[in-house]
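Read through the structures below before going on.
You will see two complexes here that share chain A, one where it goes with chain B and one where it goes with chain C.
Our next item is the complex of A and B:
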């Protein structure tokens, strides 16, 4: 267990180093949340009350968090395949899921920056107040959301172990998930058939937990759903990674050559 | 004691051709390869590009599942006991990829030390020892993206040895490395068996196989066509002779006619700057120099020499026959 944690910690640290040494990654991480936040504020500012703007601000923060998580988890596998380190990571005695968790947590760490940057941008540029209704539950809601989003990112990225072009499909799911999770508009506005899908998505419960801990309400149920979904995602990710790895060794898709 | 056993290993790849009318093709990369490697032995797998060397190694190191056949390392099946095998083997692929480019050499080694469960208190000393062994001490804090090909290759070797594995697989480890660096690498490889490790080495270079390997298997078109000590392989062609003819503009048809000549065992054409070197191996007791020259169909002929066969000639003959 201790060794597993050490692998995750070092994977996290080195992935952060890798991302911070890429001008593209840094620029994307720094400016994307600010852009998302600005678009959301301009959409809702006219006629919007303070509470609505805060609601939108937190939704925009989760747009950035989800994009960073999804991009990070998928890009890690794609980059490893193109620089031919994917085979090395898989041929090591450490289960590949453990190495994936370390690198995905690094992406989620940048996602936390996205949350903070969005709130700060809203405060500075648009005067949106940041008064936490339940500070303790907010401190619980953020890590619960980050963990569940991170594990959902791993579930989606695991398909990349087997199919090198799976990312084309996963990328197209970025915007629909923003909508289905109620990040920009309330889920109540969506057709009924979308709701079961919304309930299965970590961003739905993550944003609800954070919104209710900031604006007011009872975030405990949403926090519980985040943690429950995290367990489900972990089980699914374990199954997918183990089986996709075995299939990739059978179908010879780990390497580009 | 047998450390590595391959038994009738086969591996087929499925590939597609065409853009609109896609057609699925099956390529048999390895077609029933069998061999055994004893403890402390340095075994060479020698063959041209596409012969199946890398595919064979990838099956042995658990990265590819064989289509059929089986392989064992230290008595454990590479498919059923993949995790057990992974803990006890090291491997090095040739080429300059396979490293985390934006990280330093030291960070690369630290990460793989964790992945290979090197105990935390031993990591620092082990990494320092390996950096010294491969001659990268003092350069370990630089990013890998700035390393030369030789430095990357040496870092690969250090990575493969981090957990002190008893069995090491080296896939063309000196490819693309300058002569001095390659000589140092060969000395490092040689020291592995002196340290009691069992090594499987694939290479294109005959002199490397000749210098390093206890036994060699020649692989061509996915099959092992010969196996033995370097001397035994040389002896296969020792009684014959080799005629080398410097030619200018020889045509493929003429080469094919030479191959069909009675007494000719193998023909190879080496491209030099402006000329070609025609290397013709002949059977024992046959003097064919005049016959060969008369079959060159008007191509300009330069220097003509005759010499005794080398391991490279044995290899060319075996690969040509396959």
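Our next item is the complex of A and C:
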């Protein structure tokens, strides 16, 4: 158990350091939330909805969190392929899923910056107030959201073990998830058939948990959903990683870039 | 004649190379999903905020999609050569530089042009966007003009790729800048005055304004001034790009930076 935790901690640290050395990763984390938050602020302010700016601000923060998770999930295995280290990582006695947990949660961790930066940006540039309605629950909601997003990232990353081009498809999931999770526009505006999809997504519950802990409401249900979904994602990821790893070994595709 | 050959053959081979790293079965949904959901997202944000109509967001984002192909096309051309370690081989050749890089960007611009129409089709199918059929040729002219000026802007960004390694970072920053400054989703008069002033010196702004006027019922003659300004902005960037390409090529040779990545 201790060994597993050590691998997760080291994987998390190494991935975080790697991402902080990448101009692209840093830029995605730094500017994406600020850009989309600004667009949303301008639009909602123009629409005379000043009271919704904090709601928008938190949604924009989750856009950055999701982008960081997505890019992290897509790039980690792709990077290992190009550096020819994927075979070594999979051949090592440590289960590959354990390695992935550390790296994927690191990507989401970088996204925490998005939360802080967007709130600070909203406060400084648009005068959006930051008063936490439930500070304790906020402190619970953020890690619950980060973990559930990170585990969703693993589900996506696992497909990259077998399919080399899956990163290209993963990259297209940025806008759809922003839309389906109700980050900038309420889910209620979307067609009815989208709602079940929204409920299966960690960002939907993550942003709801954080919004209700900041603006007011009962975030416990959303926090519980984040944790419940995290367990579901972990089960799915375990199944995917085991099977995709076996198939990739059988087809000898691990060393292909 | 040789420059023409470099322009067309180099561009065609470069475009085919895209399919070398990405299967068409993946490439097509990747290209289509981005514009589709970008348009839907901002149209729904518009509805939620009560600002402008669906048509405003469909036109802004559909024109931007085509224009961005120009920016990213050139950046990808130069950055891709560096990544595959062929930049120094390309630059050691006597080929005309503008023909070389513009030829590679051309297929991507055509690609972007098609995507733009896909964006309009998305708006027509899923949102409240129904332009008059007679406005479509003028709309096509607006998209083509804007794509051309953005390609010139892309050349300026891409020229830095002859010296700097992280050209995709610069291209993405340019993308973000154009998205917020040029009235793609935020009406220009909702921006602070200094941002509106900056937007007048960027490509895309006048092209989108012209396209929105056309969809709103204006004739091509009514938007001639806007299109002329879009072309003038593009011409200024093209001139700057030529100077920068030569300067960064010389600097890259001196610093031996073509093979760093």
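Definition applied: the second predicted complex is superposed on the first by the 251 of 257 C-alpha atoms of A that agree within 3 Å, B and C clash if a C-alpha of one lies under 4 Å from a C-alpha of the other, contacts with A are read in each partner's own complex, and residues count from 1 in each chain.
Convention: contacts are C-beta pairs under 8 Å (C-beta built on N, C-alpha and C of every residue); 3 or more make two chains touch, one makes a residue touch a chain.
Predicted model, so just to flag it, every value in this text is computed and none were measured.
Q: For the overlay on chain A, clash or fit between chain B and chain C?
A: fit
Q: Which of the two partners, first being chain B and second being chain C, lies in contact with A:39: first, second, both, or neither?
A: second
Q: Once chain A of both complexes is superposed, is A:246 in touch with chain B (first), chain C (second), both, or neither?
A: Once the two structures are laid over each other on A, A:246 reaches chain B alone.
Q: Let me test your reading of the model: by the given contact rule, A:24 touches which partner, first (chain B), second (chain C), both or neither?
A: The answer is second: A:24 touches chain C but not chain B.
Q: For A:87, is the partner it touches chain B (first), chain C (second), both, or none of the two (neither)?
A: It touches chain B, and chain C stays clear.
Q: After superposition on the shared chain, which partner residues are touched by A:1: those of chain B (first), chain C (second), both, or neither?
A: Neither partner.
Q: Tell me which partner A:165 touches in the superposition: chain B (first), chain C (second), both or neither.
A: second
Q: Please work out whether A:124 is in contact with chain B alone, chain C alone, both, or neither, and reply first, second, both or neither.
A: neither
Q: Measuring by CA atoms in the overlay, how small does the chain B-chain C distance get, in Å?
A: 9
Q: So chain A touches chain B in one structure and chain C in the other; where do those two contact lists coincide?
A: none
Q: Give the list of chain B residues in touch with chain A in this complex.
A: Within the complex, chain B contacts chain A at residues 13-14, 61-65, 83, 86-87, 91, 93, 95, 97-103, 107, 110-112, 114-117, 120, 143, 159.
Q: For chain A, which residues count as touching chain C in their complex?
A: 23-24, 27-28, 31-32, 35, 38-40, 42-49, 165, 168-169, 171-172, 175-176, 178-179, 184-186, 189-190
Q: Would you pull the chain C residues touching chain A in the complex into a rising list?
A: 22-23, 26-27, 29-30, 33-34, 37-38, 40-41, 44-51, 166, 168-169, 172-173, 176, 179-180, 185-187, 190-191
Q: Under the stated contact criterion, what part of chain A meets chain B in this complex?
A: 3, 6-7, 10-11, 14, 17-18, 21-22, 83-85, 87-94, 99, 246, 249-252, 254-255
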